[in-house]
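Below: the structure, in structure tokens.
Should a chain be cited, it is by its letter among A, B, C and D, assigned in written order, with residues numbered from 1 in that chain.
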Amino acid sequence: MNREIFIEPVARVEGHGGIEVIIENDRVKDVKVDIFEGPRLFEQLVVGKSPEESVSITSRICAICFASHRLADIYALERALGVEPSPKTKLLRRLLHYGEMIESHALHYYLLALPDYFGYPDAISMINRFPDEVMGGLELKKFGNLVMETVAGRRIHGENMLIGGLGKLPSDEDLDMLKAKALQLIPTIERGIQLWNEIDVPAYMEEETMFVSVWPEDGSYGFEADTIYVSTGETFPADDYKKVTNERVVAHSFAKRCRYKGKPYTVGALARILNMADRLDGLAADYFKKLYNERWRRNPHYNNIAQAIEILFCLEKMPSLIDAIKEAKYEPVKPTRKDGSGTGLVEAPRGLLIHHAEVKDGLVSYADYVIPTTQNLDDIEKYIRNAAEALLKQKVSEMELPLEMILRAYDPCISCSVHLVKVIRK
Amino acid sequence: MGKPKIGIYGLTGCAGDQLNIINCEDELLKLFDIFEIKSFVMASSAKDEEIELDVAFVEGSVSTEKDLEHLQEIRKKSKILVAIGHCAVYGGVQSMFMGNEEWMERYKRVYGKESAVTLTPPLEPKPLAAYVKVDAVLPGCPIEKEPFLKLAGKLAHGVVPRVPDYPVCAECKWKENECLLLKGEICLGPLTNSGCGAICPSMNIGCIGCWGPIAKENMKSEAMLLMEKGFDMDEVAKRFAIFGGVERAEALKSLVSSSTKESGK
Amino acid sequence: MLKANAPKCNIRGNVVVEENPYLPERARIVRKFDLTRDVRFFQVRICDPDKVMTWTTNYKPGQFMMVSLPNAGEAPFSITSTPSRPGLFEFCIRKVGRLTSKLFELKENDYIWLRGPFGNGFPVEMMYGKDLLFVAGGLGAAPLRSVLLYALDYRDRFGKIFYLYGARTPDDMLFREEFFRMKERDDFECYLTVDADPTGLWPFDIGVVTSLFKYVNVDADNTVAIVCGPPVMYKYVVDEFLKIGIPDDHIFMTLERKMKCGIGKCGQCVVEHKYTCVDGPVFTLWDVKNIRTLI
Amino acid sequence: MRVFKLKRENFIPFMKGLSKFGELWGPVRKGDRYVYANEPPEKFVLNAIRTIVPAKKFFLPQKSTILKFKNNEWREHYDVKKRVIFGLHPCDIHALNIYHKFYTRLYPDPYYLKNRENTLIVGLSCLPDENCFCHLTDTETVNEGFDLFLTDLGDKFLVWVGSPKGDESLKLVKDLIEDTTQKDIDEYVEWRKKRRSMFKVSLDLEGMPEILTFNYDSPIWEQMGTACLSCGTCTMVCPSCTCFDVDDEFDIRTDEMNRQRYWYSCVFREYSMVAGGHNFREARSERLKLWYTHKLVGFMSEYGSPACVGCGRCVVSCPVDINVITVAKALLKEKPDAFWARMASSNVEVQHA
């Protein structure tokens, strides 16, 4: 019973992950993350490809956060090729990003996390007790999709966002339609946020940790930047990402893990909201202040409510963003050089995502991607171990769900998978 | 006939096809109503793996021994097995270098030693049909909602659907687009299965072929046409390969080798 | 009952369409049984009682119907019954694909939908007083049975009748028992053959269908020959007809093409300028010589 | 035929007046080409040449539901709108006339007829570009098949009335039109002369039916077959191509079964494929040969004239240059400068599955 942990560096892992908790003599002996996702070798697939092809290929890394991957790749390659996109392009990218945040967070909060807290196998079963909330969640998810469809061309793997510009600009009518819908949905997410009050957040795993996120230079709350912020107060330029992530190969596992200064850290909605709390405004700030307490810094479950607040944030920002898009000037921009390297930093819904690319003679020569889940794994293990120790006395079958919920709180791409945690008592 | 019992499964891929099923927001309840969903791990933790299935939808490529075992189990218990998405139907982008015998090399470049993995042995990614009988396919990276609902509508009555015999260009013309090939851009529409509704050409972006190669494609003609438009053969061959799947990878070998001969002259 | 309408309209005028030729009529399966391993016989009755008689008396042998099931699609099938025995339509259907597999799942009393009849059919009036020579191969017996039964029902209107039928094995022969019984009749000559007889119990000829021509004895100038079978068969059978001396325009054959509408619109059955669904499926050898790629 | 005059400044009010008949559709710009779109008349491009897709889309839409099935019953389904379609050129109207003959013979198609009945066709004169060849197909002028037809003479239009429906529709704009004068007629004659002189293509198209018949086994079919992408573009854009396919679609949202028909093409692989997998036209060259013989010969014997109206859409749409002009040239033994001819003579050996 000595298995090794297997995580592909850029793997998307939904449905293919598992965590094994081994208990021996009433002590937690081992917590193991197994990820069965087959290797797809993306970093190798793009070598020799043109930058455009790289962008198309890397958005296939993940369906739920294809836009983040695509944007991270575009940023990395634009930096490498000396492209400074026009204002409209930049703003449309932000809109796409908001769409993805809303879609992904709504999917996770309403369809995957809430059923756990309320004791249902899925959202469909939850519908009888919370019809408005569940339908509202679907409504939000649908809106997120609509935003992505409008801006990127389709809900998943939309090809419209290109290096230096777009294939086709969305029409003003379409944008106005999005704006109107965003305003309509604000009360929906408010109701969703209020559900949190009914939840008794488990406390058995609590422990302090570090939070890492982007740090937009203009002082706003946001999802893209050239700077990384660590909750210790330090900042790093994008190209120095390795100083933070410190990807290393652990002895017992083939997977790379990340630690900052030897300590595990957390990325994601919770990290963003704690790091950039001062930068929130509007209703999002109000709800955050109302719901915040010191436990947020010790308990990963609060990632879920952070997601809900971020949905609200995106909806609130959307109208002014859309106005700005309509005003802004558009111009497609061509690469100014054929060689270079660059790092793209974005916040995927589940946390900091880094694409680093090097281009030689117009073709990608090297690529390195650091995905949020890799960064969270050590913290996930830590919290699961804490919880397992606290719940030791319980029956195995009763332990599994609480442990699974911790993993799921991270929305770690494997969140959709069930029976993730296997407790083995020896 | 009672409600057909179905299962939705994922092997190695980006889960986009399953996600797009979940993305059928307005129709999801209806789908749960028409079918008895026995397993859909991505959407529900209620599952029943023992039962015989009328239809199994499988996404993803076979990329590990574990994938293969899982697939064989699913095949055994299902009457109709439907491959959904490019990975399941053609192998996915991860199979673009299929057959060039360097897979282990690339693998080691990412993972270091080949022996370091003991969890489940990795396999070179392949489509489902490389291992089991597949009764119907819905290509696409990812699948689209409308074709999926149409497929589901057919399967709801036990009718096994077929992919259309016409390429993206047909849908592109239905949408009244100008042809990008004529404008000198690289568009894989003529070689690609229809179904997406010609999304990309409608946005002035050449089709990259994500619905996979259409049966009996005329790759030679398109390749030569693009060469006349000023692309070089390697560039064209590379583009063809990205979503070309396993079969085209084979065909491309001769395409590339003959072009090197040509340019050697 | 759909009839081809003469154009009632010019470009300026408005037209009133009395019937929608795409609209199927509901029918019920009355009886079904297997003729061979993969061919099933269906007797169906139009559900609307007012239409039962008009529909089943107003067609010609050799015509076909578009048979459909919702979702499984629609396809042409020859009517194998004869208007001389009204009340029911009969079809022989081979299981080959999407629609036919669904048809095979149906039980008695289940609904199916019909449109038609379509196609030109055999010109039976033109055959009056003539000797008839039928040659059927495999499933080709389905459309020929319609004319054969028609001719037998109006036996006195025709001269000598020869019916030659070849199948791969005894098990592949459609209506075997029916033909066995017919062989007893002395007002027409029925010869059956099989390519091979694995059972060893086959009492009649063994060999390809052309080997049965040795039994044929007709007045060549006054004979109508009718052939239907797999495409490969036509050439050999036609050679035999020509050897006997039957004129080109007295040799009829029914052909198969993909059809989606049955009324000369979808285009998929087109051969040069002929639409197999409205100009066929019955063609003469003369047509075949003039319309390239017809067979 | 009755003719009136419409001052140019009255064009917009005239169109707005007609739009009381129904939705107004006309040619608007899309990229470098044009499409019929439901837009205000200010956006219509009066010198537009050949829309990407012809007006057949109004009568047999790209995809439409013809029947619906519910409770064991099939029902007809119509989705008909009253429409004014403006901007059809003579070739387009000729093509519609072919459509009309085709769809009303034998078993009149009720969907076509309903759409036709609810459409007001307003033609528009045009000046040819280098790809127009309606002068070779005898379709450069048109006498019937439209309700109204506008000839653009610069500061004014001549308005020809082609049907009782057209006559009726003029009541909607009666204040805007006036009688013609001798001067208008003289100008019109001048305009025709000018138009005639602008055609560039010259070719013996009249001889095509015979030439095609004689060239049935010509190797050029094989050459074109190796280049043809089977993309179907030529048939989608050709205003006289009529083929469709039918499929049932069960809409799980409404529990309704829709029998749909959609544009299909003789160049598609399964066009002539029958049960058992036998394909009567397996080779691309066979399918192309059908296209050309059916359009240029087959139609002759059925309707008295070939079905090509010289609009030039296939000429500007086929990515590999297979079109009526290059095919005709090749059959007439003029070596065309077309991609497929270059491909046939190239010695690059590309093998593929």
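Methods note: contacts are C-beta pairs under 8 Å (C-beta built on N, C-alpha and C of every residue); 3 or more make two chains touch, one makes a residue touch a chain.
Everything numeric in this text was worked out from a predicted model, so none of it was measured.
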Chain occupying the most central position, where position means C-alpha average: B
Chain of greatest Cα-centre distance to chain C: A
Averaged-CA centre spacing for the pair chain D and chain C, given as whole angstrom: 38
Separation of mean Cα positions, chain B and chain A [Å, integer]: 26
Rounded Å distance between chain B and chain C, as computed from the means of their C-alpha atoms: 43
Per-residue multi-chain contacts in chain D, two or more chains: 250, 264, 270
Two or more partner chains touched - positions in chain C: 70-72
Contacts with 2+ other chains: residues of chain B: 26, 153-154, 157, 204
Chains that touch, pairwise: A-B, B-C, B-D, C-D
Residues on chain A engaged by chain B in the complex (per definition of touch): 3-6, 8-9, 12, 14-16, 34, 36-45, 48-50, 53, 56-57, 60-64, 66, 107, 111, 115, 121-122, 124-125, 138-139, 141-142, 145, 153-160, 162, 166-168, 249, 254, 416-419
Chain B-touching residues of chain D, taken from the complex the two chains share: 30-33, 35, 51-53, 62-63, 226-233, 236-237, 249-253, 262-265, 268-270, 284, 316-317, 319-320, 339, 342-343, 346, 348-353
Chain D residues within the chain C interface of the complex: 66-67, 69, 72-76, 97, 100-110, 113, 117, 144-145, 162-165, 216, 242-248, 250, 257, 259, 261, 264, 266, 270-276, 278, 280-281, 286, 290, 293-294, 297-302
Touching residues on chain C, where the partner in the complex is chain D: 2, 4-5, 7-9, 11-12, 14-15, 17, 20-24, 26, 70-75, 94, 96-97, 100, 111, 113, 231, 256-258, 260-261, 263-268, 270, 272-274, 278, 292-293
Chain B residues within the chain A interface of the complex: 10-12, 14-20, 22-23, 25-26, 28-29, 32, 41-47, 60-64, 66-67, 92-94, 96-97, 106-107, 109-112, 116-120, 122-123, 125, 141-142, 144-145, 196, 199-200, 202-205, 208, 210, 235, 238-239, 242
